[in-house]
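Input: structures, listed below.
Across the two complexes that follow, chain A remains constant while its partner is chain B and subsequently chain C.
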Partner chain A sequence: MIKVNTEDYPWHPGMTVRNLLDEKQFTFRHIIVRVNGEFVSEEDYDKWLIQDGDDVLVLHLMAGG
Partner chain B sequence: MERYLRNHDAISESEQAILATKRVLVVGCGGLGGMVIECLARISVGYLRVVDGDVFEESNLNRQLLSSTMNLGRPKVLAAQQRIMAVNPLVEVDAVQADLAAENAMELLAGCDVAVDCLDNIPARLVLQQAAKVAGVTVVHGAVAGWLGRICVIQPGEDLLSLLYPNPEEAQGEERQRGTLSFTAALTASWQAAETVKLLLGKPGLQGEILEVDLLQAIVRKLKIS
Partner chain C sequence: MGTIIKDYSYTPAKIKRGYSGKSLYINLSDLRIEQKEITEFMKEKFTGGKGFDLWYLWHAVTPETRWDSPENEIVMSVGPLGGITQYAGTGKTLLCSISPLTDIPIDSNVGGYFGPLLKFSGWDAFELQGKSEKEILIFIDGNNGRIQIEEAEEYPEDTHLLAEELTKKYAENEDDMVNVSVVCSGSGAKHSYMGMLNFSFYDPRRKVCRFKQAARGGLGTILHDKKVKALVVKYRGVKPNLNDAADISTINKVGVKYHKEVHDLDHKQNKMRQIGTANTIMIMSQYDLLPTRNFQTGGDPEAVKISPEVFINEWLTQGLHDGCWYGCTMSCAKCADHFLITTGPYAGQRVTVDGPEYECAAGLGANLGVFDPQAILEENFYCDTYGIDLISFATCTAFIMECYQRGQITREQMGGLDLRFGNSQAVLELMHQISRGEGFGRIAGLGIRKLKKIFVEEFGADPKLLQDIGMEVKGLEYSEYAHKESLAQQGGFAMATKGPQHDEAWLIFMDMVNKQIPTFEDKANALYYFPMFRTWFGLVGLCKLPWNDLVPADNYKTDSPAKVPEHVQNYVDIFNAVTGKHIDKEELILQSERVYQFQRVFSVRMGKGERKDDYPPYRSLGPVSREEYLSRQELYDKQLRELQKLDPETMDLDEKIAATRRYREDQYEQLMDAVYRRRGWTENGIPTPERLKAIGMDLPELLEVIEPKL
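So, the complex of A and B:
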């Protein structure tokens, strides 16, 4: 089990950041991902392996006023 | 005073008197700023310094409370000043028609108890956070994109915006594709105003948390980030 934006989410071996974003349907173009507080850049989404117990924060980049 | 009858007892008479002594900087008088100013003027914060270098355009009419077909092409800060004076002449207004930048940020923050970030671009938001850190002023941040809104409170020395904006060279976010909607701006701004009043009155509020509102999914989520 992992945490995604403070909520429990089932983990599976080999789960990448890209897998998680696809499963959770985060389809916006501007996304910020942090795993255990560490920023994950977009080019690493396919190779960054999420570990069981990780705390993942997924935020939309927004700055409108 | 009859004007404040309906504030009581959510805001006590002594708290009302405290608010009258407080000074708030509102940076940006657009979708967020217009509603923040409306709320703070009606609850009667004693002094509002409102800052914006822009004039109203037709594309503002979908959401910006202070805009109307009558004031297109006119400075936003003048509309803000007129609105405050019309709603509550007890509030002292300092209207500054300028864009916030590193060169004027400290001057704009001077003497203010709280700064409300109602800006519409990332570089200026980062400038405000940095200047507020130096000035020792707490910032109430708000941002919107489409149906999404976000609010957080940044104490001096905290760097929450680097979490939200990891690439400072990007000027805008999802709002470029998704626009900004009237109710999203109004809700987010109202929440910013509430957090501002809580700060001014010493009431507990958001701390090390991001409040996210998704009006399409009808979800409010509070994320711990420190």
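So, the complex of A and C:
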């Protein structure tokens, strides 16, 4: 199990940041990803492996209106 | 040309540090024209823009004043930063009046050239009071210091014709047309309470008048009631430092930095230069936020038919500058050129359609079940030229459609209109009926609050159901965001001072997706900061969009990326550079709060602005119908288990809907308590004397209003 934006989310071996974004259907382009506080750049989404127990923040920079 | 019935000369005031120091007052009943001084007190307490508007309006009206009372005013002001040309989004005018929809002060902001040209003509603010006997227009010649009031019955009513005719009339030649700006409404404002005002700016490349809208709250209805067909200003000579800035080099420097961000980042971020605010249509649908069929759901597979790519590739002209004031590189005022109209009085003609903005595509599209870009553009055109607020029209029509589809009203009661979801031809016919004041159009534009009463009392509809699905608060229709899963946004809408418009707070992603504000106190802090910050744009003459529809590349490194700290500092720097003052970002919030709390007290004075007025319809909070619950059953069942420790397997559908409702209504009550505390209000939503004193607004006239309520 991992945390995604403070909520529990099931983890699976080999899960990358890209997998997580796809599974959560986080399609908005303008986002910031941090894993355990560490910034993950977009070019690393496919290779960054999320570990069981990680705390992932996916910050959507949409302020709307 | 009509007969000139008043001719007034004045010496245009020279602008100093962002202010001309003068305001213009015109009384239409006796054709009185006066100048007033902008006092240091006004600048200190109200800053400008909406602040000046509300201050003048307060003194014009009484608690008994209604929208059509002669003493009601339309007041407009552009603010001390309005009209600078070095930064993006610097030409916004703010208007206030007592609204026919809400009976309290409405404020509405708008681009276009009128506000800045009015200021350069010597006027920081403009009050329009009284009622004319005949239809008139008012022409302000800012170069020659002349104001003329002219009979105007022979001019056309609808905006695209009227503005073109008046622009040609007052321009000396084609090159001069950019120096003329027209404010007018249209035939729809005559027969509805949701009439809006168009502000023109002439587009020399397309050789047409373009328009931005002061849309919310029925300002066009009020202008029509006053028998004012148009306001026209002409000022030749716009140049970079007409505001007499104290420090022009800082403004230049901050502007260049921002323009580089637009150049480097817009195509990677929101594509404002390609599609404007409609860039978010698909995102909203994918995140369950696109209001669909009267806010029943938050998206639809058919939304792809009205995606940004469809509008960019097939409808909107690309590559032309589309700023609604000089210097705006964000350039988001997109339009469809040579668009062929297929219905109504202009069928067969080709026109320029300003839009669609997000609210248009979402409201006149998904929320009506219309996923046809051509129909949306035609609805967009007619709302604009008829002078109808498309947000109120869309949300109100969505309500009518659901009432019809749920059997609450019949086709016969709608004069034969088949207003089922998705029937864009019926929607267009309803607009034409409002324009003509015929058939169902005679009542359809009165707004949801009045329609609920008519449907219940005259058509026998179920009052409880209509209360749940009629998306209005305080009498104003919701703007176009589904938000059932964002408690903070539920408060952002329903506790907004003028009614549920998103320009006070848009917290959906922070709350619902990012989970950045999990507690009531977190949400209350957001519902303090963002409404206060956003209010500031309307005090100084700026557009909100350049603040956060584009952010610096390193914004993610900041402690509070949602606030876009670097852009906030830009605004502090520009304000100081224009006015010569020395505010910081905390003082900026204080400037806003003074006006924000003043407006709340003003609403209390007019009979609203208490806790009872801040409750949303249940459709805002959760699923009203079985279909809505079933559309997201997995989520709602999970919430029953995790939040209420209930077992949905042992409950029938109606029990689950009822339990969800009890929980969500209780959550909203707790949010209200937290927000009221944070804003310095009593449990009943009244600003306290202590809070007013803390921000320097313990003025005797405000204390007199609130003390009986404490």
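Annotations
By our rule, the second predicted complex is superposed on the first by the 61 of 65 C-alpha atoms of A that agree within 3 Å, B and C clash if a C-alpha of one lies under 4 Å from a C-alpha of the other, contacts with A are read in each partner's own complex, and residues count from 1 in each chain.
Here, a residue touches a chain if its C-beta (ideal position, glycine included) is under 8 Å from a C-beta of that chain, and two chains touch if they have at least 3 such contacts.
Because the structure is a prediction, the values reported are computed rather than measured.
In the superposed model, A:His60 lies in contact with both chain B and chain C. Measured by the number of chain A residues touched, the leading partner among chain B and chain C is C.
In the superposition on chain A, A:Phe39 contacts both chain B and chain C.
In the superposition on chain A, A:Thr27 contacts chain C only, with no contact to chain B. Looking at the shared chain after the overlay, A:Asn5 reaches both chain B and chain C.
Residues common to the contacts of chain A with chain B and with chain C across the two structures: 5-6, 28-30, 32, 39, 57, 59-65. Chain A contributes residues 5-7, 25-30, 32, 39, 57-65 to its touches with chain C in the complex.
The residues of chain B lying in touch with chain A in their complex are 28, 30-33, 118-122, 125, 142-145, 148, 150, 163-166, 170-175, 177-180, 185, 210, 212, 221-225. Every residue of chain C that touches chain A in the complex is listed here, in rising order: 268-270, 280, 282-283, 286-287, 479, 481, 502-503, 505-506, 508-510, 513-516, 518, 544, 548-549, 551, 555-557, 561-562, 564. Contacts from chain A toward chain B in the complex involve residues 5-6, 28-30, 32, 34, 39, 57, 59-65.
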